[in-house]
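Shared chain: chain A. Partners: chain B in the first complex, chain C in the second.
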Partner chain A sequence: MNRLNPSAYNHAHLLLTLVLCASSFTLFTPLQTWILILVGCAGIIRISLFLNWQKHQISVRTINLLAILSAIVLATFGWQLGLLLGMLNLLALACSLKLMLLANRRDYFQLIGIQFFLIGTGLVFNQSILFSLLYGMLTLMLLLSLAFHISPSTSWRAQTMRIAKMSLQALPLCLMLFLIIPKLGPMWQMPVGKGSETGLSDKVTPGDLAQLARSSELAFRVSFEQQVPAMNQRYWRALVLEEFDGKTWQTAPYRDTLRRRYQRTNNRFNPAVSGPRIDYQVLSEPSQKPWLFGLDVAISHDSKIWQGREYQLLSRFPLQSGIAYKVSSYTQSPLLPDIEVLDRRLNLQLPESGNPRTRQWVKALREQHKTEGELIKAVSEYFIQQDFRYTLNPNPMPVDPVDQFLFEEQAGFCAHYAGAMTYALRLAGIPARMVTGYLGGEMRGDAYMSIYQYDAHAWVEWLSEDGWKRLDPTALVSPLRLDFGLQQAVAYEDSFLADSPLRRLQQFAWVNEFRMLLDDMDYLWSKWILGFNRDNQEDVLKALLGELSTLRLTIAGLALVAITAILLALYHYKHWLVLAKKTPAYYYARSLKLLDDNGITRPHWMGPEDFSKQVQQSMSTDISHIFEHITGCYLQSCYARGGNTKTQGLNQRMRTLLNQLKQGLKKKKSSVRDAQRIDNIS
Partner chain B sequence: MQTQIQQAVSQISHVILGKEQEIKLALTCLVAGGHLLIEDLPGMGKTTLSNALATVFGLGFSRIQFTSDLLPADMLGVNIFDSQRQAFSFHPGPLFQQVVLADEINRASPKTQSALLEAMEEHQVSLDGETHELPSPFFVIGTQNPQHQAGTYPLPESQLDRFLMRIQLGYPNWQAEKDMLKQPRQKDVRPLSPVISPAALLELQQHLDEVHASDSIIDYILRLVTFSRESEHFPNALSPRASKALLQSARSWAMIDDRDYLIPEDVQAVLPAVAEHRLRSTLTDHPTQTSLSQLLLEQVDPLAA
Partner chain C sequence: MFSKHLSLKITQWLDKRIPPATDVSLHRRNIFIFPSRFGFLFLVLCVALFILGTNYQNNLILILAFFLLGLFLVSLFNSYLNFSGLRIVIGKVGYPFAGDSANVPLWIETTTKKQTAHGRLHIALYGKNVQLSVDLDRLTNPVDVAVPTSSRGPQAIPRITLSSFYPLGLFRCWTHLQFASTILVYPSPHPCSVVTYDESGEENQEGPVSDQQGHDDFHSLTEYQPGQPLYHVAWKQVAKGQGMISKKFSGSSEREIWLRLTTSSGPQREADLSRLCFMVLELDSQGYRFGLELGDTLVPPAQGNHHRHQCLKALALYGFSEVSHE
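Right, the complex of A and B next:
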């Protein structure tokens, strides 16, 4: 059955369609491609209906068939998506089908409701300032669509003004809610989106870090409270990799088991620290991973942060959104092993075979140098003496990578150096491990420091008698990397951000200026909007109210309520004045209320005269007589010719009648009570 | 005037027992200048009622029995060649009467139906290029059997709309039917006498607009029709013509009650007769027990400011 086209030149439907398409396409990572194509089709169908190119809706049968097919496809491929992504895909699919079908008011309102929800979901996945602006705009467009639905013939200009006015009215409330409503953590575990992962991984094959270093994405920001440590001291620890299989370094599985056990019993690690302290706040970007960043020895008392036994910081949940936390770093404090036996055992682990040349080489070295210090020095010397190169484009080394790196290629990225060195130390019987994280960071004025993915770094730690000691083989090969950053270190081969369009633009000063400006805005956005947590909330309240006490908070809350009430009263008082004005309708309503209290309710569809007759049947004559008069007056004023000109006299009469009714009813009540009392006595 | 109408009601009540409300509605329709559709099973007194109405107002009366082979000419009249005058002369058909009972209207072919409905709307008949005025007042009482009976052409919605009101007589109650059976046979056809003159009826119709409809009452009517348009319970919504009909009938009802202004009860009294046939769908079989107009009444508060 072909149905007529309800969307022709219907602005409400057009706006809804645009919003649906836009919000779905911003979700292109979590949504499956074929669903996006369906959404696109639905959008095209709706737009061609709007332009009246196509006169008839698609038949319900076609859509049902499509729905069944899509449901089968989604059921087949969607089950491995996990609950949230699966539901989101299902929702987008249902939306697109409903949009094709959209015919009556009910469909429309359903779609509007779901749209608001989809926009909310969008904010789970995209939180940058531009996306937030986009979502804000989409919300306004939805409101505009609703406005067009209600009054289709009003002009665009008037509708826009109306929506703008209403949104402005909502703004103070929105601000208040933002400042006052407590910030809750996510109530569900978010599934990890595919393909959106950037940042460090808990498995490192040396070539990986070089890949990561091609990305100019932001990793995190730091704002220091005191002086900023020197560039070559800013080793931001993220992960400690202790397991090596000959090619790949990864976190030791036993450490994870151990950590989970500690977390279950809430046994927190409190390392003994001493010496000078640096305080700073870290604003991490969403990374879908739990690890966080800090300078050694980093201590955080934030309840969201878990203090790792290997001196790293972890979040309790993978970072779906940015997180802000405060850290104190004791830079001179030693990194003592938590359980020394365990550390030793884990960090002497070696693959059984592979890399034979390295094994031989270390064996020879070990025979020459008996002490740990000498051996380390000897290995370091090898790096310095041989012609090693620091490069962003290392050749792949598939077989015996350490051998290949040390004796053939002699060119690699920091992970190559760190990996080879750790391996060599372990072969020599010195407990050693690889640490990954970031090195350096770019200071933006005095305000904050940005650390990008290309600052990713790997270094070595070995266990000496007074704790773990940092050793950075990269520094031997490329001192520039430490002191001036990656860009300078690889300047000779011109490979820094070689694929990025940004690099070409960096030649223009204004582009840089603009990028910095955007960075600043993004920083403020992350710090004050996304990172606005309970601590900030308390700070703001403290700044406003002084010391926080229950009394003050109560007073402030009541004052807010009072101010709101006063503003509302100011806005509405004219309307209220009219209501309070005593009209015959008012007296009639009062008398209805009185009767209602006495058990006679007017069915809401009944006319006044019929109700008067009903009262006559159920009430004594004196009361029903009075009410009949009241009804008569009301009919006179409301319906008779010139009724509203003689209200003055009618009001007078109705007031008297109402009082009579009140007394009559009271008398009746008391007589009933008397009768009951007599009954009780007898 | 009030007394005359009361007399008319009581006169007709002697003929059709226990149906005061329906008789009053039929009179309302006549005073409002609309046409009346009576829908009921055979033998309920449809013909008797229309006959009585015509007699009480002293109006000319004719009855057309609709059958499936009735042609428009049988109803409107024909031009016949007059050999003496060497010209065609018009011989008016039974439609040229003040009260026309179109009996079993849904048994006629659609062609005949539409000829009748056109005459009802235009108050005139066009034949061979000549226009013939119908008498005034002109009042058609259509009767129809419920549509599920065999051999009927249901009237489409657009034509049902031409009838101002539709009433159902229904079975008489126990007492009324008992009285009817006890009546001697000759009293059954007791001759009625005219109570109101046609001139008085025309005057009544002209004064109809003087019944005051306040803003409150017009708002109430608007709320009713708007509700019928927005709710999903009704197969057809009430058109602006329906809201006009509602106001007109309510005025007529108020006038019969001898009141010069409208109150919500007037609207409520005429609403079932005015709205029911416009709300329901002709396609579906409509069970008589669920009344759409009742549903509509119960959803709208007459007092809401």
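Right, the complex of A and C next:
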């Protein structure tokens, strides 16, 4: 059955279609390609209906068939997507089908509602300034579509102005709500999307990090409150990897169980700290992972953050969006193990077999060097004496990787060095573990520091008498990495950011300057919009109101309500204001009042001209003459063409005339009084 | 039972709140405003976005949710202000026959001192479905509202509901207007043979016979009355520019014929009134001069539109003791 075309030249439907297409295509990564194609098809169908190329809607039966097929396909391929992506794909699919079906008001309103929600979901995945602007624009377009739906014959210009005006009116309300409504924690755990896998992982096979180091994506930003520590001291701890299976390092499963147990009982870890303190704020980019970053012994009192007993910071929920948190670091404080026996046992764990040459080598070393310090020195010297090379392009080492690395390749990335060193120390009976995180960071003036994915690093910690000690074997091989960063360290092989030519342009000064400028904007965006949290909220309110007390908050709330009410009242009763603004009508009314005081009242049915004549008959000529002028001006302001342009001069004239009238009447009154007095005397 | 009682209460309250008038400006006291179904959907959406934003700790989604909420509030005022700019004046109501619908013309003024109203205006009878929607930006006055009628006699215009979803469809602004005007419903004409009486009261079954009309006996020239057949117009005189003048024929002036109601009560009466209505129309269309006798009411013999209206009005009002229409 063919149905008539409700979309022909319907701007509301056109805008809706455009928004659906645009918002779907911004979700390019999370959405499946065939769903995008379906959305595109729906868009084309709707646009051809709009242009009236196609006169009839697709029949409901066809769409039902399509819906069943799509549902089957989505159910088959979509189950492995996970809940969030599955739901998102389903939403987009439903939208596209509904768009094909769109016929009546109800469909339209449902589609609009879903569109707003889709835009919200888009913001889960894309939060940069550009995307936010785009989504803002899409929101306005949806509003415009609604406006066209309600009053279809208004021009685009008027419609746009109307929406702009309403949006401007809504904006202060929006800001007020954003500032005032308390920031709540997540109510329940939301499904996490499998976004792009950049960033650290809780499983490291040496070589992985080299891949990561090819990415110029931002990892996080830091703004320091006092002095900035030196480049080679900026070891940003993220993950502690304690389990080794011969190839891959990962977090110890027992640690996870233990942490969950502590979290359940809310047993927080408060390490003993001493020495100087560095305060800073970290703005992390969304990473879909829970781990956070801090220097050395980092303490955070944020309720969202869990303090791990292996000295690592964790967010309670995976970072689906950026997060801002305050940290204090005690750089000189020792990293004392919480339960020494446990740390010892976990960090002496070794795979049963594999890497035989390393085992023999360490055994030989151990016999020569009895103390821990000597042994570590011996292993370090091996790295220095042999001709080890620091490279971003290590060869794959599939079998016995440590053996291969130490005795054959002798070239690798930081994870190779850290892995080999840790393994060697464990073989020698020294508790050791691999720590991954970032090293360094690029300072932007005094404002903030950006840490990119290519700053990813891995190093070693071993357990000494007084806590865990940091040991960075990479530093032995490539001191440049520590002091000047990766770019300098691998400058000899020209492999830095080989995959992103744009970023390599930063050798040109102005390109770099421009990039920095964009970075600055992005920083402010992340700090004040994305990272605006409860602390910021309290700070802003404190700055506005002073100390936060119930009384002050109440007063502020009431004042806000009162101001809003007053503004509304003013807006509502605009015509009062107009009268008070002294228009010709106002002066005319004043002159009528004056005459009324002097005994001549204008009956409500009498026109101004007639009344002027009546005044002529009952008043002396000087007064009636002035009043005639006033009436003339008033009539001119009412009926003259283009009257508004001349009102200024008219007002001026009427004011003088009114004054004359006032004086004339006063004079008349006094002369009458005089006459009476004379009468009385005579 | 209960709902009947409730609707009665509501009607009484409405009568007090919006009393009948012929010229209504919409303002605070006669406008109702409430979120539409889409408005509620929109609120649910705001809550959903708030939860989404909170759970993902995503400020941008929160801002979106707050912006939409702010827009909802702003929309409330815009909606009200727009609707309060309307002024509705009822025009001259037509005279329908029972069973037909009456056209109630509404003159809608969209521009007041403060602003101009926009958007679609939906018009319905109170408690009924929307009858017509007009676009206020492309308005042609008057807007005709059809009011169905069932029986003859004066009938009050039911409350007319005007509603608007401007600007974003989030709120429905509406009012139930009562117009201080009545519809006079003529009886529905029932075809039958024409029975007339002459002055002496003698019944004439066959109706006025052709030779009695005396159409050929020219009597005099008179001023043309609207409703007189065009073939009575003295076109020669009209062509000379003497105005519309019609010829008067001796037959039609000398012989006066009467229509008479024979039954005065009972169920038969309505049927007789219907027949009389038909006869009036029939005689009028043939250009007769006739009178009508309805019990105490007498309409003296005459011709033309005005006379027809007088007759039909007498028929419509027969038995109603109320004050006559107009």
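We take it that the second predicted complex is superposed on the first by the 561 of 682 C-alpha atoms of A that agree within 3 Å, B and C clash if a C-alpha of one lies under 4 Å from a C-alpha of the other, contacts with A are read in each partner's own complex, and residues count from 1 in each chain.
Basically, a contact is a pair of C-beta atoms (placed from the backbone, for glycine too) under 8 Å apart; a residue touches a chain by one contact, two chains touch by 3 or more.
As the structure is a prediction and not an experimental result, all values here were calculated from the model.
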item: Touching partner for A:L146 - first (chain B), second (chain C), both, neither; value: second
item: Partner chain(s) touched by A:Q169 [first = chain B, second = chain C, both, neither]; value: second
item: Which superposed partner A:L66 touches (first chain B, second chain C, both, neither); value: neither
item: Chain B versus chain C as contact partner of A:V477, first or second or both or neither; value: neither
item: Chain B versus chain C as contact partner of A:E609, first or second or both or neither; value: first
item: Touched partner set for A:L123, first chain B, second chain C, both or neither; value: second
item: Residue contacts with chain A in the superposition, chain B compared against chain C; value: C
item: Which of chain B and chain C A:F109 touches, first, second, both or neither; value: second
item: Residues of chain A at both interfaces, chain B in one complex, chain C in the other; value: none
item: Interfacial residue positions of chain C with respect to chain A in the complex; value: 37-38, 41-42, 45, 48-49, 51-71, 73-75, 77-78, 81, 113-114, 118-120, 135-138, 165-169
item: Of chain A, residues touching chain C in the complex; value: 109-110, 112-113, 116-117, 119-121, 123-124, 127, 132, 135, 139, 143, 146-147, 149-154, 162, 166-167, 169-175, 177-178, 181, 184-190, 304, 317, 320-321, 323, 529-532, 568, 571-572, 574-575
item: Chain B partner contacts - residues on chain A that touch it in the complex; value: 585, 588, 603-610, 635, 638-641, 643
item: Complex contacts: residues of chain B adjacent to chain A; value: 212, 214, 216-217, 260-265, 268, 297-303, 305
